[in-house]
Amino acid sequence: MLKITIWNEFLHERQNPVVTAIYPDGIHKALEKNLGPYFAPQEATFTTATLDQPEHGLSEERLANTEVLLWWGHLAHDQVSDAIVERVQQRVLNGMGLIVLHSGHASKIFRRLMGTGCMLRWREAAELERLWVVKPGHPITDGLAADYFEIPAAEMYGEHFDIPDPDELIFISWFQGGEVFRSGCTFHRGKGKIFYFRPGHETYPIYHQREVLLVLANAIRWAKPCGSNYTHDARHVPQPLNPWN
Amino acid sequence: MLKITIWNEFLHERQNPVVTAIYPDGIHKALEKNLGPYFAPQEATFTTATLDQPEHGLSEERLANTEVLLWWGHLAHDQVSDAIVERVQQRVLNGMGLIVLHSGHASKIFRRLMGTGCMLRWREAAELERLWVVKPGHPITDGLAADYFEIPAAEMYGEHFDIPDPDELIFISWFQGGEVFRSGCTFHRGKGKIFYFRPGHETYPIYHQREVLLVLANAIRWAKPCGSNYTHDARHVPQPLNPWN
Amino acid sequence: MLKITIWNEFLHERQNPVVTAIYPDGIHKALEKNLGPYFAPQEATFTTATLDQPEHGLSEERLANTEVLLWWGHLAHDQVSDAIVERVQQRVLNGMGLIVLHSGHASKIFRRLMGTGCMLRWREAAELERLWVVKPGHPITDGLAADYFEIPAAEMYGEHFDIPDPDELIFISWFQGGEVFRSGCTFHRGKGKIFYFRPGHETYPIYHQREVLLVLANAIRWAKPCGSNYTHDARHVPQPLNPWN
Amino acid sequence: MLKITIWNEFLHERQNPVVTAIYPDGIHKALEKNLGPYFAPQEATFTTATLDQPEHGLSEERLANTEVLLWWGHLAHDQVSDAIVERVQQRVLNGMGLIVLHSGHASKIFRRLMGTGCMLRWREAAELERLWVVKPGHPITDGLAADYFEIPAAEMYGEHFDIPDPDELIFISWFQGGEVFRSGCTFHRGKGKIFYFRPGHETYPIYHQREVLLVLANAIRWAKPCGSNYTHDARHVPQPLNPWN
């Protein structure tokens, strides 16, 4: 069973009635409920965690039992404790998958893993977004019916998006108002896989949309830990190999 | 069931008693037999094809029923018909996985997909090869016990290996005699995934070695077709979207 | 002096009065004339070559004296001889820079170097194109005044563009009609640098536009041959190094 | 004139007579002196800075007047102030080139820009290192006479090197004792170019070796600031473009 934790700062939903109407129990609970049907029985198990919990809900034990972590934050990036950010980073380097959602681009954990500012242009004008698939054979696009899908009303994010070149660029968004954006990007840090996915503004029902959920379910499977049994220790290896004797 | 075809030129094994002793039924049959145990029952089905068969065993129907193709060739690259190479290329662009083995670096199909000469240095001196994992979280390395594995006697391949920069570099080989080599490389062409894997010289029992088989089984799973339902047609799209009306 | 050759099939300009009006002496001559001022005196020397010349103007001697080749073609890709394509490919692998313009995406030389179909969506609707800079520290963007520039009337090219993942993605185009496109891409093949640049449809005066010329001049400088004195020969190296004795 | 600053912690040279003998005035002064002849008159100007200076010699003014910064540290990474590290990072994001030398892999600035641990295996056994060129057309390799060069006695660094996949892999080292290492790697962060170069252990005269100096001079030229006039601000852009009216 793939162990998934959905982290949410859970503030907008308790402050803004527009958001409450869309996500009455919070974005984290909506994602948990909506993603469930995209997994087979016994394939995945979900937990949620929020900013206001002790250790933001991300204790050592919780992270040790998380294989893929989803991260949604916006208003309160600065309230996330540096110690927890450090803990999440180490867990990623040791193999945990991390899916950074929408305004999570400016979260401490994403910026720390990227090494850059991760800023961008933005505008809230309920405009049309078209996400074009630029890597159509990638597992994260599995099952999408066509070469793009649309979000009818979205916040705009535009380039330049100040990230390192992604390891793989999966989606590029077109916005009605004249901008483009690298909306689906993969990165690898240590043994961990990271997927940044742009859609998800709190005032639009984006996490109720089928294509968005399909992409997230694909990304969760893609990000699950795997690989060699290597661990990230620095190692002094005093003896050279002498294959000639 | 994942449909796998193993292609082999099948010449060395019928010409050189040293090779016959290691691969009495051919490299293709040895791979088929040795890879089987790395898959669950009902997970995969294997077929083989060889140069001397009609259409080199790669009819339209056979390719349509192949999800991952393994390719071993050395002496007779030039005898592979251009029409079949074209057919394999189109099948890769439309999603079939391709695993190119050892001396397949100089095959028509690999050179055509790469666009470069794909040549390298080489030496046959039965020397020690160590394959270092440089991407330890990659699914192709899944289950390897340590950060390297060794092949006790190998033909040397050395840089410069004239390929495009790989999309992912998984293994780098160290050779006793002073060379290094990018031994495990992934590429994407169209919707197809390609893995080049260096080990496999015909005069050493390399396709009987556990780590080599584990990597190949991982690579086969990694290379299976997936992704969006996009097909590679050129498309004239006369009508622009006018989202403002 | 950097030696630049501009190749053009030179057909539209002699067949279509709209094109003749914009490029009376051909796209090649317009580029030669318009790019000149972007180089210092004694920095660069230009020559042109066209399809109807012997060997398409690309003799062994001409190519040996070309450090960067620009390529514009559209109607007559199939009329370019395979032998000349092979010659250009080998020259690229040995270090010559290649700049592929607009409809050159479907040229034999580009498809051969990419290994893919290189096809895309298209529409002629004289629509607005905005080229966003996604790699703002790259020398090809040197001197651009802002994070995008516009072409007021362009043919649309849209994703999916069937190329290998570019080594560097420099520009993404936004089109009024709803599409995006990876408009400025670098590739390396052998020792040669390749830049694909989308703008340049024959019925619009795009090669008279300042930003387009600036990008091309930057790309020419970026693509000039450099590097180690390595040559692409396959090499049998019989003697191992034994550093232990 | 290209403005270069060479930063060195400058401790080994004052503590260990072996190092003092090789670098009597410090690694920074040796680099300054030895790199000079690789630049034309009026091409470059050098300054040095060390840990023990106020602000480690990296005042706002000094950094504003630095186009490429070289960084050598080993014993005292933790003594570099976080405020200065932050300042250097911001300067890199805004375009300054950064060349990280040898044990600088574990420096605060490199780890912060990479987002990973940046650790590796190591051994001091004065063994032979061969640096193989794997990207022979790259400007950083310009002028190297062959496809590899050797350092007769080196500290070993081995994989796995815990860095993000480099944007470009230029050199792979072979070590006598059985390891390989990605010894020359480029990265881009913001508008800044970064080159990590492995050679340079303090107890061997590596920064007196011709090939090493040639590579560093090439890397300095490659890393100089360039590109569009974009600056890394987050930008709220309230007005969409409406190209249809």
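We call the chains A, B, C and D, going by the order they appear; numbering starts again at 1 in every chain.
We take it that a residue touches a chain if its C-beta (ideal position, glycine included) is under 8 Å from a C-beta of that chain, and two chains touch if they have at least 3 such contacts.
Every value quoted in this text rests on a predicted model; they were computed, and no experiment measured them.
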| item | value |
| --- | --- |
| Neighbouring chains common to subunit B and subunit C, by label | A, D |
| A-B or B-D, whichever has more C-beta pairs in contact | A-B |
| Centre distance in Å when subunit B and subunit D are each reduced to the mean of their C-alpha atoms | 36 |
| Between subunit A and subunit B, centroid-to-centroid distance (C-alpha), Å | 32 |
| Contacts with two or more other chains, residues of subunit C listed in rising order | 127, 130, 133, 135-136, 147, 158, 160, 165, 167-168, 175-176, 178-179, 188, 190, 230, 241-244 |
| Contact footprint of subunit C on subunit D as seen in their complex | 95, 127-128, 130, 133, 135-139, 141-147, 167-168, 176, 188, 190-193, 225-230, 241, 243-244 |
| Touching residues (chain side subunit C, partner subunit B) in the complex | 89, 93, 112-117, 119-123, 125, 127, 156, 158, 160, 162, 164-165, 167, 175-179, 187-190, 230, 232-243 |
| Residues on subunit D engaged by subunit B in the complex (per definition of touch) | 130, 132-136, 147-148, 158-161, 165, 168-169, 172-175, 178-180, 182, 242, 244-245 |
